[in-house]
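Look at the two complexes coming up: chain A is in both, with chain B in one and chain C in the other.
Our next item is the complex of A and B:
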């Protein structure tokens, strides 16, 4: 029956832009998927870590003897059992500490038969601490005689970044308006639903298999190995399904080498799994920042300069958090056309929590400032000079072909179209004027509308020597395709996109494409899932590999059919004539004929796609991404002026996506990304008191739930990126980046009050409204 | 070691007779004793809904219920929804509408959504939002979840 051709002609039908279901969704929906949190290996032990629970102290002594005696305990380790200071961006962190520098510090760890026994053993460890005076703000860290956090950095100064372009003094003289404000962006955390977990297992040759939630399995080996004193080649990383990531797993954190060291010591697999409170206290945060931002503009509405002086709380150790200026400065220099730029960013060691990478990466912070400054300028230019707020934005919006002061080359730029599309769809200007006029009334509920935008890398970010991704692809004798890609899946949906792309090229059903991407022993290298890069980079790689396979198949078919390869195509599981879709041969049959001949021709291809971007470099002048993208959000809010509650009713989103690939996955990223920004804007905040996290639970740390979500009106602007797969750009971070300032601008429109220090909680908003009333009366 | 007691209840339409420690939660019983790992731990204090199950027709956070309290009761977990190899319509709707990303919260979300629709087959979108308020999802922004539930309601209506 399979040889029967039911139809003679097969039309060319593209899948690009259609809705593709996530291949792993059914198993997840029926509860069958085994996440790393669910995994149990034979003979597995359970580990728990003793955290210091105090911000700054010397460890005078540790007595583990009672813990070691407890029945069911297999190993107890402390700093003396592990290499010192080998983790993090500047290698200032150790798996277990000899000195306490923050609340979460890992002091000892236990491996036992059960979690309960491990927890009981922790209570038997006796640690004598000598508390030291702490540093709890970057300003205090910079003071003369401040306590030293990291001995290698006696002035407490951690990373510093600078970028200057143009004559600032002259630009200030040329400005009719200069805004000068400080924005103070708070601590938030990822709150992945699956808490942090690692399972380590050594074989008898000393090779470590680590089951990990990591987002960057290949460089992860390089980062983990020194903390274990083993060769990175002796590490195999397996990535079981993970309950979210969002940037949280872009570094090696102490619990991972701790699990490995315990496995090494005991000869048994060892699992560490955080409970929710541990997750709050011991996971990375978003980098908080104090941002002194100045923006200049002429009375004609032309931006003259932007400067930013950013002070960051580094916390006690350096993960990715304090590197966010690399992206912040691209916003300062690239969010609208800015001719003169002055950026400074300084991180300072303190005894607080430390930040990692987090969806939006520095841009969530900086756009909160720049997009509000644009709104403040728009208001002033309208009030004083009658300039239309949209005309002002369009005047400064970049166009295709422009190059920013940092040499970001905006090859295909649809910024203006994003602005006009969102403004028209939401009736922005009319509502803005109406709500401004209504501000003076005594109504309890005030409406507001706010526009914000931003720019972000949309074709990876070359912060490593390579920003590439490898792909290996085979088409078997039954026309089933297996793709082995370096790209990681953390829920974002690269599984669907790669199946879709390969299906598009090879004309096989999406369901006939199997993706293998969770084992570093199988997969080729990839830099990791971050920087909105995976569809762009891994998608390009998968497409290029599929095209190679297609060429090989068509060459063989052409030879057989006595035509040229470009007269043929692959559609619906057949080799067909390209011009009319006439069937030549069934694909699986063709593949078997290629295989079973004296000189076998088997379809196994590979590709390594390296985007045409330039390394970031120390001067920060490089075209560091293969594409850039813009997005505009217009938020409509209702503010209850009695309670301070801000309800976001509707958001109109217009984003340059290059080209829609998987429409359903794209929408899902927009919606989910926005939810993150919504929480950041309105409700989420980690509250620290002298380095101690006061709200480590979902009860006291409020992430958005279903009733908080606004109505969304999403517009995809297709700029057709020449370098992207089918024209696509990376998309996943902008939705998180743009929403918070859009809400802040809307709240301003409703109340006349600027919120420079998010989140805009009811308490904060109500107080500001009452204070304003009091001052007015 | 903790004191153990015998326990009989109905789990996904099948009888269960088991001896359990008296201080064990339903969540741990299912995950650690019965290998039903579809029900997830994500907070352990009834704030996130990832461990939602149905007991005698009402949903509950299984992390807050003691296993011994299941005596003679009728329990539905995510594993009990499908018929053979066929996904339950609610599960299928979540797949079809792109409501599953990392998927970790989805078993609890689906059990809760199924309960809401059983309670009120003509649920409005606002009622869905209220009814799913106790289920945290960090990936989806809930929009596609609501689309999925709406589709099921539409089918029934």
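Our next item is the complex of A and C:
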């Protein structure tokens, strides 16, 4: 075989933009993957947590004696066992609570031989509560004399964000049209298929190994340590395959230290695994927000200002949820050129559930408002001044080289191309006019079309001191490559992307690249999977490491072949002549020759890639991402005006992806991201009554099912980002961000009714139509 | 912790009924309602869990004289694709195709759907429209005894029926509909699959010489049990389906329905849907 090939010439062939299969897909499809949920360690105990099940109360007494006596119970713990341990963004949370501040509050925990015994033991714990009056809305939390949720915050005020740019008063005077509306974005949750799970195991030196679903293994240690009273250096994080994260695993939540405390106490590995109802009640939510948004515009269709006053229900504790204004502030002033901006965001403690990070991170909420305001302005400008709705958008669309009021530098901006591509592909303007005209007919089924767009960070977001990622790469004697990366795989597909990039650089088959990225003792640092950053950051890191390895190999080969290194290349598992692809030597043979010599030359390289972005900074005025990207969605809907059912028939998506890397993974991210936004727009809602979740099941919390998915017409716009790997930008959040307001705009086009409070459930839509008819007659 | 002490899977009806007669038995007939109800604590397992799926003949669908008989453990999928049902009662196939999801249809049984007695039980609605009865079997004095109860008398409240604990739903039986029979089913919910009905409605009758006769109307999720819309039936019986008659029927349907507010819908929306569906189904009848 090798003799035959020796006379061959190997052409240069790029993998970038092709379809690469996700390496773990077959095992997942046939149910062979061993998720963390399936794991059993020798001598492992099972833990269950007693949740308060009431929103606000003093704990008068806890009697655990009966539970402790139950055969098979190894440990029962309460807040008394862990008095000084804190967790959370402002350290206002604890593994176990001495006071109840929300329904999910962890009051006690049991470790036992089986889950059934642990559950039985929970029933034997006697807790006497003294219920306290509760706060169930941010408005009530701000009232004089409102019950205090967190003693450290007696006015119930949690995080606050402000950003001002330009002269608002003057901008208002310069405006011919001013829109003023309140948008109220509801509670939804991630619904990961794999419910929350942790397995904690201490060794005899006091080192904790925690098997975790975390998305940020390195900073996770820093956050988990104070919740355990140990040094972060004494924590090893192992990440077995996880059934989804989407932001839900971007913080430490109480069940994780609880598992570790029980492991410490019993000297055994301890596993906590939520059932679905526990998952609904005890997981973070998306941050709900009441957004008072005002937008000004001249009669020529030039935007003059935007102000946003955002009130957020913090819930009882502070996780990542109330930090979403960090992104809201940027998107409120980005993507369409807004010269004057006034943003205020205030989070208020209540006795409700608390929010975490969630795909779209503040931008799902803000874009729901801004994209509807743009649509409302477009309609008014067309009706009153004859301005074409696409021309209006293009007039205000940001372009390459612009800097936003917050100093986001749009180096490569393809927003205008996204708008025109999607509008042309869907015949937007003609349909918009046609459906507007048809609105007045008596037809039961009304069609509508709606356009929405947004901007999002697409090259990480430097909210930590570093937004970097480490990579170590070795090429062994058989030309097999192992990449140890800091980047986590949570289902998003970095495994395929890194294999593809390394394969591209080293000319080895994709299947010959092995990724190691599930053990914090092995992997170099990475900030975590979030902010649409992993392909951009870890992809750059992997590429840089692979290029180093390539240089080392080619240098050795050049010396041997008596040529210069730049005359050689790596292709198809061979060292070849760059100019004509003539085979010089088989790569594995070359590597063995490098290795087995008096001074061994072994290929083991490393890299730490730090993007060229600026730290977020406390004023939030910085170029915090290495790239920004835009997307446009055009949704086409049919509304049954009798039942209120909204069927999304088709969505045309145009997104600036910089450059397509793995086409298959990219398409999957578009589809999956859209499904998230679809549920948020139409059916998903956590229903709370005085802090109590009334629908903790998939029967009553309605995620979209396969038949709900619309036809998708996806257009990738390639703006060729100078800093991104091969020109790529981060892509994962925009599909979730843009779809909901596109649907809302389409429903408006069909019915003439604006929905400022998602989800647009059949009942809500039917009632609004009925109400409109009744008022008209 | 499981309270199940014995698990049995009898192969004959006699064995099953004898076991049932001993008491403290939970019947497993698909388990798609039972399992989630147990896990949330709404029901608990008795000492004996009896799987009735292996009872010979209990899932059979057959014509006996002028009656169609569906065995109690026939699955929703069995019904959906059965030649006899497709030929004589396509309304049932239509309803079955809207029932939950493929996996649940393959497991859920007709007997289970009926005995679970949910006000929103989908298969019950077309069976009420078809005028079905249930056949209950028990082991009494050493022999199998059966009794028949019309389905519209069977339900006594949410989750409650006239079935005694020693009785098994052996079959659901209805008279073969005449060639003039037309029937339609409609359910609603925010998504097209895996949906518990917000409101379900069935209308059926014989269309003879332009007049709608032997009309039966059934409604789900608008009262404590699935119910017959008697006032709607009266408004339609023997009538030509004119605009005025349909309007009367819509008003009557809203009288028949007595919905409540719950987390799935408000009373207003359920009443609204009853009106929309009544009109829609009567329109379908006219088109047929």
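Following the convention adopted for this analysis, the second predicted complex is superposed on the first by the 768 of 777 C-alpha atoms of A that agree within 3 Å, B and C clash if a C-alpha of one lies under 4 Å from a C-alpha of the other, contacts with A are read in each partner's own complex, and residues count from 1 in each chain.
The rule we apply is simple: a contact is a pair of C-beta atoms (placed from the backbone, for glycine too) under 8 Å apart; a residue touches a chain by one contact, two chains touch by 3 or more.
For clarity, every value in this text was computed on a predicted model and none was experimentally measured.
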item	value
Touching partner for A:643 - first (chain B), second (chain C), both, neither	second
First (chain B), second (chain C), both or neither touched by A:339	neither
Chain B versus chain C as contact partner of A:72, first or second or both or neither	neither
Touched partner set for A:37, first chain B, second chain C, both or neither	first
First (chain B), second (chain C), both or neither touched by A:707	both
Partner chain in contact with A:26 - chain B first, chain C second, else both or neither	first
Contacts of A:53 with chain B and chain C, given as first, second, both or neither	neither
Which superposed partner A:699 touches (first chain B, second chain C, both, neither)	both
Touched chain A residues, chain B compared with chain C	B
Touching both chain B and chain C, residues of chain A	275, 697-699, 704-707
Contact set on chain A toward chain C in their complex	116-117, 119-120, 275, 277, 642-643, 645, 682-683, 687, 694-695, 697-700, 702, 704-708, 761-763, 766-767, 770
Interface residues, chain A side, partner chain B - complex	19, 21-22, 24-26, 28-35, 37-38, 190-195, 241-246, 275-276, 490-493, 664-665, 667-668, 671-676, 678, 697-699, 703-707, 709, 712
Complex contacts: residues of chain B adjacent to chain A	31, 36-45, 47-48, 50, 77-79, 81-82, 87, 91-92, 94-98, 100-107, 110, 128-130, 132-146
For the chain C and chain A complex, residues of the former touching the latter	1-2, 36, 39-40, 101, 188-196, 198, 263-266, 268-269, 272-273, 276, 280
